[in-house]
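Have a look at these structures, which come just after this line.
In the two complexes below, chain A is the common chain; its partner is chain B in one and chain C in the other.
== the complex of A and B ==
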């Protein structure tokens, strides 16, 4: 029983990461019908920028080794700001080099170009920090908080809380504010939005900035749990992508649902057979898509003949 | 001779490669040649899926693994003959191709990418985690190499073998893709609905493309496992799937030579940069990022464009004859006049609360022109979609020429003899005018997969006959001089006429035309009246939707009127014109409350 509760708690935490990154996929997909297939590397970049910032603040040089006492809440926050700023800039760069040339073109050229951009980001990180993972102690310490017999790390609670806050804020912005309305208008029909005086290119760039920042935030949050590794991005991003597809890539709430669902399922299957976790998840995704190709909350597109 | 460079370039290239293997003593260079061949074989098959059928897969490492592990397990664990194991590797990979194709058919775009990624990862995890069978990272040792007699292949034999296999692959792909299969794959790629409407089964061709790509990918995997005499789970990863896609897209998808160029350049880059892994990553990233921007059609596209400028003679298309015989349907395809051809009973279709087709029954008689009219939103196109099998009805039945077609798919209905055009044009825009019509002839080319793939004389003869007939159809509609033009570049009115030509090529007994005059100028509309009459005189029954009443009244023998999804009237043009319900539907009705006559009806 406590094992079950334990699995649910950690599933919600990792699900929060998937949901954040999935939401990033949704925002760019809705506005441009493209998404960043190199998002995993952006996650890595977020984590490494944060680690490097904290290292610099503790006077250890950007390639040192962090001890738990080096990571204060203040330094972690500065790391967060640095990661968001750098990732936002990367998002703009990504849009101009990898996405804009191919938006609206037939085929999936943008899949290749965004993967290429990600590989360059990864190669850069590899060149600067090398292949060994960097430790990133949690600013909240490592004392397990007990719920009955189940325990949870403070960082896991942080992930869950941050994820929920960010999602609620984004959901509110999209549904209740002027800029959110502009984003939804662009998602619906770019031409009509432009005719109504909405600055479409601005909204699209904003979408990529937000999407990249969400990935960076995901990296920053997950680093204390998995350690920051140059190679951690691919699997995380693929799972976040699965979450988005399962929930419905065109529906932000669907992406969030998909993220938490995937985290929970993964964690629960892990209880039963840890090595079958990934196999069962991806088999499950294929099965879900066969019966509901548009995802759980997605809109079915009827082709007009 | 000059127009067929491959007749001398190909043997020359093969002689050169074979000679090279005897001059190169260095095993490293031989290995590079070997890997180029392996990647070419995988990419050539993958090109059918990606470049022709237009289905992007990000999971082909899984199929490569299927081939590699089949060869490894069969020889190392079960002691099979390496040659039999090699063939089995292709077969097993082909079966896995079906496994990945079936879910892939239900999804498109990013979801398709997800399904294929999922497949690749599942295979990667299986070979990593299930170590009792696949030995995970430790790997399987003692994989038996191919051998001649008792002597196992050395590096030189391996190179010679992949040269031979690569040559075979090239020739097979060439004959498969330059003919009805290549056209059908491209048709599925550009416009699925249109492909169905001319009798190409989208389902069948997508599965076929997956199988072809899987078999060749499996051979590539087996070659690597058997040459290394070892395989482990590190060979299989997401990066390899990306690399396969890059081979095709960078080389040039949809071109026979694209995969070859891609394999040569990328394998050389790989070998050259292997010493600096950091730099290698950057180069890959940059290639992915910029290659398609600089060369949208890949290397092959860039080479072709340059070649067209430098050697225009090489690119001349086969000349079009100036005069051809009159197009005729065969006598056996013509039905007795006046016989009932199509009978729809109680068709009903609802989308939520909207009912575009509400209990509609119509009967169509052989040899006549029928029109379907009604105000916008009356459900005319939906009815046509139901009759042609694109939309299944919720209730009701349709019988065509004595066969119940209610449950049939669009391509099956086309094969029975119902052709159609679309209100919003659905041409195969990247193909030539001639090829568009040839796709229309698809259901009448009965030569099978193997004769086409092997380029047998039977297949070539049928291809020549089809070309001749396509030219006759183009001449019938006055499009002969445009035969070599790209369909998408034509003016709108000509595109409409081409769609008509494509529909005629399916040898329809009943031709459904959805607003054939939409967007035409008065001159073209006037010509269309004559064209429709000539089509009828060929013995083809016509059912058309149209808003141009001059045209409807001029060509129709019988008119059906729909309003709000229901049939409100039918009869001769004169009867329909006089029908008060029809007038009301078009012009509004005098209402009891206001007693005001609409100004429109006063004009009428």
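== the complex of A and C ==
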């Protein structure tokens, strides 16, 4: 029973990370039907910029070792602003260099170009900060919050809350606001949207900026859990992408659901046979793709001829 | 015109050949950017560079300057093989120090063996590395590092004595490193007449091991042996804290890496006991080298591989002097005969022989733990009761 409670708590904590990254895939997919396959490396960039900002604020240069007392809530918030601003700019750069030249063109050039852009970002981080992971103590402290004999870290609760808040905000913006309607119009039919006076390029750039900012936010939030490591991007992005596929790539609620589902499956299977975790996740993906290709909460797209 | 060109070309060629023969080239082939072992490779290079600096300051070797030819294998076996070919065939190095990954070593050991270039493995711990060509008339592979089998002997000896219930569990990452270590642990536990009560696995990038630890807890184990790299072990400690479950936990030398304490935090890091060949506070030479490298490279992640890199280079230098030659075969023979070489870890008195190519052995290893953010030697009633007979291997 204890073990089960711990597995559920841990699963939700990890799931929150996947969900947050998965939302980044959702935004660009909804507007351009392209994905930033470098999303994981953007997460790396976000984490390192946040850690470096906090390091600089505590007067330790841009690389060094943070102690828990160095990470105040204020410094963490400045780190947040820095990560989001830099990543937003990186999103614009990504769009102009790696997406726009290829979008709408035949073939999958954008897949390679976004992967390539991500690798450039990762290699730059490697050059600047080196291969050793940089630890980032949580601004909320490291005291475990206990439920009976099971425990969870305050930072994990924060990730969970932020993931849900971001999802609600995205959902609301997409469904209820003018700009959200414009985004959906662009997603539905670019030509028609342009004819209706919607500034299509602006909306698309906005999507890449928001998606990259989310990666920045994700990096900042997961750094205290996973540490800022140059190599963390690929694994996280792959799991998050799987979460988005399971839940429904075009639906923010689906991405969140997929993320938490994946986290829970991982930790619950771990209670039984840890080595079967990856197998069960990818079996689940195949099953979902066979019976509900649009994902659990995805919209079935009916092609009207 | 034509003649002068030919003359110019031949003079240039002669000059470059002269420059070539002036410097003694030592190859360095390690992961410095690829993954978990990159920190070991990078730190190791800092140590080798420090040694070369000392050698050149004292006038070089055989009146010639020593230079390091550095190659990064990114942790990839194919890249490592390519580096090895390049170092031996194009760069004409005298000897090679490296690699960091046992898998990479096993992928190219045949090259230096066939081409008669001595290799000192300063990081990779796989037991097989020095054993593969043991039966050949001349084995070109040496090591100045921990050896899995030897450190496991120490860890298991401690685990068995520390366990009151004699219920010992194991947990490891799913890579060759973790699973190789687990194989050694299982075999040595058997020599002590025990079988592990739980054997759990996790992925090297996992950050939550509570599910696996729940199973360890349910098995009733009071000692846990962990075989994984520093960052994963730090996450393991964090998961232990979540569950408030702290069995006596012992691990490999990988926990000497600073990411372990940085991720787990100072207090949690103190809960793990691990094997080490040297720590930055073991002796004055270690303290001096640590301070010297830190002054130049702010991010020295792992001191111990720097020390092993330094000692490897010093042993090579002694062998080149003794051989009075840069011929690979003669340097190899001299390595088996060097004596009284002062290193960081110890003074190497006849470290190598025809049958033994391990510069360090279980007798040189100690148990250590983190205390207030520094690695210190660890001793308690259990360590004091360990006798040589307990170190079964």
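Basically, the second predicted complex is superposed on the first by the 300 of 305 C-alpha atoms of A that agree within 3 Å, B and C clash if a C-alpha of one lies under 4 Å from a C-alpha of the other, contacts with A are read in each partner's own complex, and residues count from 1 in each chain.
To be clear about the criterion, a residue touches a chain if its C-beta (ideal position, glycine included) is under 8 Å from a C-beta of that chain, and two chains touch if they have at least 3 such contacts.
Given the structure is predicted, the values throughout are model-derived calculations rather than measurements.
Look at A:32: by the touch rule set out above, it reaches neither chain B nor chain C. Of the two partner chains placed by superposition, chain B and chain C are both touched by A:126. Contacts of A:238 after superposition on the shared chain: chain B is touched, whereas chain C is not. After overlaying the two complexes on the shared chain, residue contacts for A:286 are found with chain B alone; chain C is out of touch. Of the two partner chains placed by superposition, A:53 touches none, neither chain B nor chain C.
Contacts of A:109 after superposition on the shared chain: chain B is touched, whereas chain C is not.
Residue contacts after overlaying the shared chain place A:275 against chain B and chain C alike. Contact with chain C, but none with chain B, is seen for A:7 once the two complexes are overlaid on the shared chain.
Of the residues of chain A, those at positions 126, 275, 278 touch chain B in one of the two structures and chain C in the other.
On chain A, the positions that touch chain C within their shared complex are 2-3, 6-7, 9-10, 13-14, 61, 63-66, 68, 126, 130-135, 137, 142, 144, 146, 149-153, 225-227, 229, 231-232, 235, 267-271, 274-275, 277-278.
Here chain A touches chain B in the complex through residues 29, 35, 97-98, 101-102, 105, 107-109, 111-113, 115-120, 122-123, 126-127, 234, 238, 241-242, 245, 249, 275-276, 278-279, 282-283, 285-287, 289-290, 293-295, 302-305, going by the rule given at the top. For chain C in complex with chain A, the touching residues are 32-35, 38-39, 42, 174, 200-203, 205, 207-212, 214-215, 217-218, 231, 238-239, 241-244, 257-259, 262-263, 265, 298-299, 301. Only residues 54, 56, 58, 102-103, 106-108, 110-111, 113-115, 117-119, 121-122, 125-126, 129, 193, 238, 242, 245-246, 249, 253, 278, 281-282, 284-293, 296, 351, 381, 385, 390-391, 422-424, 426 of chain B touch chain A when the two sit together in their complex.
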